[in-house]
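In the two assemblies presented below, chain A is common to both, partnered first by chain B and then by chain C.
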Partner chain A sequence: MRRRRPLILFFLPGLVLYLAVFVYPTLSGLYYSFTDWDGLSPSHRFVGLDNYLRLAEHIVFQKALVNNLKFMAAVVFCQTILSLVLALYLQRSTHVNAALRSLYFIPAILSSVSVGFIWTFIYDPSFGMLNNLLESAGLSSWSRNWLGDAGIAIYAVAGVQAWAHIGQMVILFVAGLQAIPADLLESAKLDGGTRWQVFRHVTWPLLAPAAALVVSYTTIQSFKAFDLVFTMTGGGPNYSTEILSTFIYGTAFSSFKFGFAAAASCVFLLLIAVITFLQFKALRTERVTY
Partner chain B sequence: MKSSIRYIFLTIVMVVTVMLTSACSSGNGSTTGTGEQPTTPASGNGGAVKKVTVNFLHWRGEDQEVFGRLISQFEEANPGIQIETQVFPSDQYQASAQAKLLDGSSGDVFAAFPGAQFEALVRAGLYTDLSGEAFLSAYNPSLIEAGQKDGRQLAVPYQLVYNMPIYNVKLFEEQDIEVPKDWDGFLAAAEKLKQAGIIPIAFPGADIGPGQFMNVMVMNNAPDPDIFVKLEAGETKLTDAWWVKTLAQFKELNDKGYFQPDALGTKDQGAGALFVQDKAAMLATGSYQLAQHKKNNPELEQKLLAPITVPANEMIYEGIHTTTFLLGVNSQSKHPEEAKKWLAFLSSPEAAGAYANATGQNVTVNGVEYETEELKAVAEWSTRKTRFQPRFTMKNAEVQKAVTGSIQAVLAGQTPEQAAADAQAIVNQEIGK
Partner chain C sequence: MLNRLAGILLLTGFACIVILPLLLVVFTAFKTTPEFYRNPIGLPAAWSLEHLVALFKEQPMWRYFGNSLIVTAATVLLELLLAGMIAYGIIRLGGRGSRLLFALFAAGLMVPSQVNMIPIYQFVRSLGLMNSLSGLVVVSVSVLLPLSVFMLSGFMRTLPKEILEAGEIDGAGEWRLMLQIALPLSAPYLAAVSAFLFIIVWNDMLFPMLMLTGKENMTLPIALLQFRGEYVTDYPMLLTGVMVASLPVIILFVLLQRYFIAGTLAGALKG
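Up next is the complex of A and B:
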C-alpha cells in the first residue's frame, strides 16, 4: 500500500480535474433541471418535473429535435459513405495517397467558426461561389437559396459538417483497412471473388468495428454541431435549422431560463447515449476469424 | 526519508499543476490593463500606494482605440484609479459577461443590451442605483429611459441609434424620388427604382434584417408603445390586425420584388455590399452602419428614412430610435465610487464627443459636437417624432424570435395569417397561455 501511494498521487490531479470540470457540472446541470433558475439570480425555486413536462410539448424544442435528427441522418449518411469510398481509394500507402489524405484532413483542423464563415460566403445567393459555379456550368436551374430556403437549409449545413470532418473519418477507415491481412484479400481474389464480393464478404466484416466507431463518432459530432449552425444560420430562417444545441444556448443565454435549458441538456445527453447505444448494437459484429 | 522527499516533490508537482490549470482557465475575453498593483506616486514621498483598478466590461472591440485614449485622459486626471477593459464579442457577450458579473471580480462598470438582458440583470440585482447622480444631468432625459426600472435609473444608455433604412441620396435624386410620406408613396418609389434596374431595398433576411426592419414597419400599424408588452401579457395577439397587416406588407414588398432575390439567404455583409456598391437604393438596417459604409465608399451620400405604412394623415411616428450600450455600475463592485467616477467622465460632452466622432456612433449625451456629415445627418433626427425600438420592449427573447420568425415565414411563402398563427402558438407557450 505504501508503495502504491505515490502512484495514486500521479492520477489525483487528473481525477480532481475530471470531478471539477465534468462530474460536478453534470450533476449541477441535473440539479438545476428541476429548478426555475434564471442563471443570474442568487435564488431559485424547485419545480420538480415541470421543465421536463414543458419540454414534451414545447413547439420549438420539437422542431429542434426533428431538425437535429434530419441533420444527424444527413451527416452520418454522407460522411460515412464518402469517407469509406475515399478510404478505399486511398488505402495504399503511396506518396500521392498520403498527400491526398492530408489534404482531405485540412478542414478538420480549421475552427468550425471559420468553416461556417467560409461556407456562408460560398452559399450566398447573390455573391456566392456555388451558385456562380453552377451557372457557369450551365446548371443554373440547380442554383438555390441554400441557407435561406427553409426546406433545404438544414441539409446545406449538414453538407458543410460532412465536408469538414470527412478527412478525419478517412483516416479511421484507412487504419481499419490497413489492419486487414493482405493474404485474406488475396486468397479471396484467387478464389474468384469479384471486387464487390471481396468487399462485401471479407473487407466489410473486418471493417465493421471501424465503421461502428465512425458512425457513433459522427453521430455525436452532429449533435454537437453548435458553432457551425450558430455561425451559418443562427437556427433560421424561422427555426428551420434550429437544433438542440442552439435551442439550449438560446434558452439559457438569451431567454435566461437556465433551469429549462438544463432539462433540455439532460434530455439531449440521454438522446445521444440512446442513439449511440443503438448504433453500436446495430453495427456490432461477431468476432470474425478465418 | 527518501519516501518523504518523494511525497513532498509529488505534492509540489500536483499543486503547481492545479495552479497552472486554473491560471489557464481564467478569462477568455480580451483584457487590457493589469490588476490591482502597487505603484509609486510621481511626486513620491517614499511609500508605494495601491491603485484602485476599475474593470470595464463591454462588447465593443471596435471602440478599443478611442476607449484607450479616454482611459489615458481619465487616469491622468485620477491618478489613483486605473481602468482595465475586458471585451467580449457581442455574440458571446450574453453568455460570458453575466458569469463575470456575478462574483463582482469583473465589470465594476459594465455594458448591457436593452430589453431581455437588462431585465435579467435587474432581476439578479446587479445594478447600483444611479438615481440622483450629478452626471445624469449631462444626458437627454428622454434618451436614458431604457436604463430605468421602477423609477430608478439603473444604467445610462450611451449610444443613440436609429433603426431605420439607410438610403442612397444620389440614387434617389437621379431617379427624381422624394422621401415617401405614406405607404403608396413608398411602393411607388420602390417600383420606380426597380424599373430603373436598381434593387429598391437590400434586406439582410438571414440575420439582422427582420429584427431591424420590423420596427419601422410596425410603428404606425400599432402605434401603442406598449404593444409588445401587451403581447407578452396576453392582452393582444400576433393574429390581430396590426401584426397580420405588418406581415402582409412585408409579403407585398417581397412578392413585388422590392427586396433583392433570395433575401432570406442574404446576411448583413451581403446586403451591405449591395448598398455600398450602389446596386441597392435602401438598406434595411440602421444608422450604426453609416460610418462603415462611408469608409467602404467615400462617395456615398447616405440619409435615413422610414416607410410609413399608413396614409400620411394617420402617421404618428416618423422613425425608430434605440438607446443602447447601457452602462451600469455593478452592485457587487468593491470600488463603486471609482466606477461612478469613470461613468461620470464618459458622460462629459468632451469625452462623449470624442467617442462619437471616433466611432461614428451618435450618443445620448447633450451638447456633443459631431464632426462628420453622417453623424450630423443622424443628429437631425433627435428633433423628429421617433419611437423606442419596439423589438426591445419584448422582454422574452423567445417571443422576439417568434415575431421575427413570422417575418421570415411570410418571405418564404407562408400566408400572413398562418405565419402569425404559428408565431402566436409559440408566444402562448412562452407566456403560459
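Up next is the complex of A and C:
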C-alpha cells in the first residue's frame, strides 16, 4: 500500500483538469438542456422536457438529422471503397508505393479551413476548376453551382471530406493487408484460384478487422463532422447542408438559445453512443482465423 | 496485364486528384489579380509576389504563426506529460482502481467537442479565460486527455513488466521508474503520438474559433477564417493565406512522415 501512495500524484494533475474542464461541463450541459437559458443572463428557468419536446417537432433539426445520415452514408461509402481499392494496389512496399501513400496522406495534414477554402474555390461556379474542366471536356451540361444547389451541396462537401481522409484510410488498409501471411495467398494462387477468388475467399475475410476499423472510424468521424460544412456552406443553401453540429453551433452562438442547443447536444451524444454500441456489437461477431 | 494497367490508371488518377488542387493553390497565389480574372486556372504567365507581399503587409502573419506555434507546442508537451503520468499510473496501480480510472477517461472518447462545445465555452467564460492563449491550451489539453490516455496506456501495457520490477528491486522510486524506464522505452511511440496530436492541435478550429476573439491572439486557421470576412471572394488572397499556413506542416510532414503515419495507425486503433 505504501508503494501506491506516490501513484496518486501521477493521476492528480490530469484528473483534476479532466474533471473540471471536461467532465463537469459535460454534465452541466445535461443540466442546461432542461432550462431556457440564453447563455448570457444570470438567471434561467427550469423547463423540464420542454426543449426535447420542441426538438422532436423542430423542422430544421429533423432536416439536420437526415443530412447527417446522408453525409455519413456518402462519406463512408466513397472513402471506404476508394481507399480499399487504392490500398490493394499499394500494399507492396516499393519506393513508388511508399511515395504514393505519403502523397495521398497530404490532404489529411492540412487544416480543414484550408481544405474548405481550396474546395470552395474549385467548386466556384464562375472561377472554379471543376466547371472549367467539365467545359473543356465538352460536358458543360454537367457544370453547376456545386455548393449553391440544395440538391447536391451536401454530397459536394462529403466528397471533400473523403478527399481529405482517404490517405489515412489507405494506411490502415495497407497495414491490414500486410498483416495477411503471404504463404496463405501463395497457396491459394497455387491451388489455381483466380485473382477474384483469392480476394473473395482469402484476402477479404482476413482483411475484415481492418475494414471494420476503417468503417467504424469513418462513421463516427463523418457523423460528428463540423469544420468543413461550417467553412464551405455554413449549413446553407436553405438548410440543405445543415447538420447536427452546425445546428447546435447556430442555435447556441447565433440565436443564443443555449438551453435548446444543449438539448440538441444531448440527443447528438445519445446518437453517437448508439452508433458506437451497434458497431461494438457488430465487430464482436465477425472475426475470422485460419 | 489488364489489372496492372487498371492499377496504374487508378493510382495516377487519384494522385492527380490530390495534386491538382494543391498546385492550383500555388498557381493562384502567384497570379496578379487581373490575370486571375482572365485565367482562373492554369499556370501564371509571370509569377507575381503581389499577394504574398500584400498578405504579410496587411496581416500580422508572423503573429498568427507564433500563436499557433505556442498553443501547439504547449498543448502537445503538457498533454504528453499529463497523459503519460496517468497512463503510467494506470499500468502500475493495477486492480479495480486502475480499471475504474481507465474507464473514466475512456468514456470521454465518446464525447466529441462538437457535443460539449456549449458547456465548455460557458465554463471557460465564467473563469475569464476567453481570448487567452493559455486558456485555449488548458481547454485543448483537457479535451485531448481521453484520446491520449487511451493511446499511451494501451502502449505502456505492452512494456515488459520485468523491467519495471527489476528497477523496483534496485530501489528506484515511481518517478525514476517512469522517467528513466517507462518513458524512454516508449520514445518511438511518444513521437508518433506527438505527431498525431500536433496535427490535431495545429489545425484545430472549433475551440480556437469560440475562444480567440481578438486578432492579436488568433491561430492560423482562425486567422484564415477571418480573412474570408475581409477578402470575401478574393481567391488569390485567400489561397495565398492557405499556402502560407499550410507550408510549415507540409515541410514537417515530408521530414517526419513515418511518425505521422505511425501516429495515424495508433490513433485509429483506439476504437
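Everything that follows uses one rule, which is that the second predicted complex is superposed on the first by the 281 of 290 C-alpha atoms of A that agree within 3 Å, B and C clash if a C-alpha of one lies under 4 Å from a C-alpha of the other, contacts with A are read in each partner's own complex, and residues count from 1 in each chain.
Operating definition for what follows: a contact is a pair of C-beta atoms (placed from the backbone, for glycine too) under 8 Å apart; a residue touches a chain by one contact, two chains touch by 3 or more.
It should be emphasised that the depicted structure is a prediction, and the values quoted were computed from it without experimental measurement.
Engineer: Per the contact definition in the header, classify A:249: touching chain B only (first), chain C only (second), both, or neither.
Structural biologist: A:249: touches chain B and chain C.
Engineer: Please determine whether it is chain B or chain C that touches the greater number of chain A residues.
Structural biologist: Greater contact footprint in residues on chain A: C.
Engineer: Check the residue A:239 against both partner chains and state whether it touches chain B (first), chain C (second), both, or neither.
Structural biologist: first
Engineer: Report for A:26: first if it touches chain B alone, second if chain C alone, otherwise both or neither.
Structural biologist: second
Engineer: Under the stated touch criterion, which partner chain does A:49 make contact with: chain B (first), chain C (second), both, or neither?
Structural biologist: A:49 sits against neither chain B nor chain C.
Engineer: Please work out whether A:123 is in contact with chain B alone, chain C alone, both, or neither, and reply first, second, both or neither.
Structural biologist: The answer is first: A:123 touches chain B but not chain C.
Engineer: On the A-aligned overlay, A:17 touches which partner chain: chain B = first, chain C = second, or both, or neither?
Structural biologist: After superposing on A, A:17 lies in contact with both chain B and chain C.
Engineer: Regarding the shared-chain residue A:274, is it in contact with chain B (first), chain C (second), both, or neither?
Structural biologist: After superposing on A, A:274 lies clear of both chain B and chain C.
Engineer: Of the partners chain B and chain C, which touch A:146 in the superposed model: first, second, both, neither?
Structural biologist: The answer is first: A:146 touches chain B but not chain C.
Engineer: For A:227, using the defined touch cut-off, is the partner it touches chain B, chain C, both, or neither? Pick first, second, both or neither.
Structural biologist: second
Engineer: Residues on chain A in contact with chain B in one complex and with chain C in the other?
Structural biologist: 6, 10, 13, 17, 39, 124, 127, 249, 252-253
Engineer: Could you please specify the touching residues of chain A with respect to chain C in the complex?
Structural biologist: Contacts found on chain A: 3-4, 6-7, 10-11, 13-15, 17-18, 20-26, 28-29, 32, 39, 82, 85-86, 89-90, 100-114, 117-119, 121-122, 124, 127-129, 132-133, 163, 166-168, 171-172, 175, 195, 213-214, 216-217, 220, 224, 226-227, 230-231, 244-245, 248-249, 252-253, 258, 261-262, 265, 268-269, 272-273, 276, 279.
Engineer: Please output the residues of chain B touching chain A within their complex, sorted ascending.
Structural biologist: 3, 6-7, 10-11, 14, 17-18, 21, 94-95, 98, 102, 116, 120-121, 123-126, 205-207, 260-267, 270, 273-274, 396-398, 401, 405-406, 408-409, 411-412, 425-426, 429
Engineer: Within their complex, state which residues of chain A touch chain B.
Structural biologist: 2, 5-6, 9-10, 12-13, 16-17, 38-42, 54, 57-60, 120, 123-127, 145-150, 233-234, 236-239, 249-256
Engineer: Of all residues in chain C, which touch chain A in the complex?
Structural biologist: 3, 7, 10-11, 14-15, 17-22, 24-25, 28, 36, 40-41, 82-83, 85-86, 88-89, 92-93, 101, 104-105, 108, 110-112, 114-123, 138-139, 141-143, 145-146, 149, 173-175, 178, 199, 202-203, 205-206, 210, 220-222, 224-225, 228, 233, 235, 238-239, 241-242, 245-246, 249-250, 253, 257, 260-261, 264-265, 268-269, 271
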